[in-house]
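Structure first, then comments.
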């Protein structure tokens, strides 16, 4: 199940990172934003759980679009340092705003699922986790379809290959960037909204999520949805294995060690198509 | 003229404990000073050599832990039946170890930075810091994990038979940090104004051109990383012996961000930049606290401030000031120019 | 003179491929010690790619490059520069944010030695070396003629002086083989004449020069030999007078002129 979540996070980031070449430090914040929105909608406004899920994702898309429009648009030509620093600034501001708004106490979200797990031939699965898994897969497939089949998706792929050529061919780069960032942010928010009810919601949850998203991107290669999907499940698997061998505290470290090792050996990721470095 | 300004500034700094009565203010200045030293070291790697290292706090923390562990002594199983024990050593030895180990980590980072570029390098550095934090958190046998290393002894300098002096208390540590800061500054200034420093700057400004005149990329990336890490490790060791408690939270990303903010807003690639940035971001939280603005709101303000400054003054405050002075007339010495010139004087 | 002049640079069967395109196919030519050889050809003929391969910025798919007996294939650019082979870039390339003198000091990197430990300890040998380098740097600036611009920011120089700075930086590295990529592109006739004179002085100091240029007048006047490339292949190789009348060369350039007229 975690694999699906990691994949969602990874897909969003790989698209943003790949197409816009921006190191998106706010990705984790959108994850926690999604979770907090779920909390607000379900617990405070008493909106139906499933409706809230859709709404949370929609809000994530909106926030992503806003960030792109307000911040990134101006920085289009700037060098990578400047853009990264602005993203870090935005990340700090967002996380602390969240802290201010919701306080640091962990929040839990009630789910409509029965608490007794479903038993499938020897395996006992919690309903909520099953739900998360199914929705995650659905979103992954939807994202893939969007990028593969639609006109917008084709524009995104063209921009990924060569943004100058795409512009010359008449692709509206502004719209592509806006959509990419919004979509990536929406997926992150969805991931948060899905996982929030399963665990608890805290302001710092986005940080770890963001780093794992980066791990997924590196495992799966830049710009590849299939790669990110594989990477997501791979990361979850490695974490499980690692946590089994070493103590569970190191579970999170697995992803980071993986990043470092992979990049040392293959500086552009495992499935990358690019030959040159950097 | 510039020499006079520098001397006056230094005299002012040395005089502070004489007329500042509040121990709290001294404490703030000490911590600010330590972070400024760390920021200066980051500036060498990020500002002068152009390496986007966002894991710098790892070196700081490694320095803190190594120094503490050596001065406290430790006992750890490196393998099920292989116990390694170290008796408590003098603090100054611990500090040397701290500088050494950090330097070696810097060396490793330098070698990696040659192969892994751009945004991927950023990710590697962040990951590295996170891994180190998780190790510090989980390897209780060595680091006591979240229980922290306590009762770290202060630095003691002694000549056997003649005297012994321990840096206990705020005033002593203030001077210790001030002197360390000056040493760090001088080292960095000398490096930057030399052939090696020019090579690092050349790599940042125009790497193909730099290699075309014979500058080896790996060698200077590594040199920059080693010196930068070693100084950060020293800062960490100073911190450990002053605060006397070290826990894994020292590795939190937020501290790297603090250093980055200091460097970037102060002015990366200038000698005065991290100092200006350090003073601002070391003292600002205190000023804001007296206005009863909570830490979260402060950080929101920093985030916004960073966005604003990076967009308007991409080079930072010091270069902007130097630019304004230059525009107003060649006769006036700008803050940046004065600092640069003063650095040259000190470095001779 | 009847003694055979040694080949300084030997390029044999060089092929360069990237991005699915063959930029250079089986290129073979020599540059003799002390001569000025010009590489000409229509745009896209592969000249800059050849430069990039010789100086280590592009890998060679096939063939060998040997300078004074040392194979250059696979060496890093900084290593090749240390062997005495220095190049300039087609797109104006200087250290824009640094002063003119600083640019030269960087170029003098290979001409000095400063141990990092000596630097950190502030030993007087370092200060002495720095002073020596400043003097040498001023010499180079005087040689090229821009010594008056010493403390100006490189980015503030006029175009002609900028290109001179580029050459000065390359000269500071004490090349024995200097590769110049379109050094007079964008210069007016006065600047070009002045540059040709500087080139003459560089050549007189014993440096072998490999030149890529479009300015035919200059090429014919200063070259000992000319090699013409078209679409990645060498189509002619000989003294300037011969090349000027070579039917293949004329065809290659006429073809380009036609394309420019139509397109």
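Letters A, B and C mark the chains as written, and numbering starts fresh at 1 in each.
To be clear about the criterion, a residue touches a chain if its C-beta (ideal position, glycine included) is under 8 Å from a C-beta of that chain, and two chains touch if they have at least 3 such contacts.
Keep in mind that this is a model prediction, so the values were computed, not measured.
Taking the mean of each chain's C-alpha atoms, the chain closest to the overall C-alpha centroid is B.
When chain centres are set by their Cα atoms, the one at the greatest distance from chain C is A. Chain A and chain C, compared by their mean Cα positions, are separated by 48 Å.
Computed from the mean C-alpha positions, the centre of chain B lies at a distance of 42 Å from the centre of chain C.
Centroids built from CA atoms put chain B at 33 Å from chain A. Shared interface positions of chain A, defined as residues touching 2 or more other chains, are absent. Across the complex, chain C meets chain B through its residues 55-57, 76-79, 81-82, 86-89, 93-98, 102, 105-107, 109-110, 112-114, 116, 119-120, 122, 126-127, 129-130, 133, 169-170, 172-173. Against chain A, the residues of chain B that register as touching in their complex are 52, 112, 115-124, 126-128, 130-131, 134-135, 137-138, 253, 257, 260, 264, 294-300, 302-307, 310-311, 314.
Within the complex formed with chain B, the chain A residues making contact are 17, 21, 23, 71, 74-75, 78, 80-82, 84-86, 88-97, 99-100, 207, 211, 214-215, 218, 247, 249-250, 252-253, 255-257, 259-260, 263-264, 267-269, 277-278. Against chain C, in their complex, chain B makes its touches with residues 186-187, 190-191, 193-199, 201-202, 205-206, 208-217, 223, 227, 347-348.
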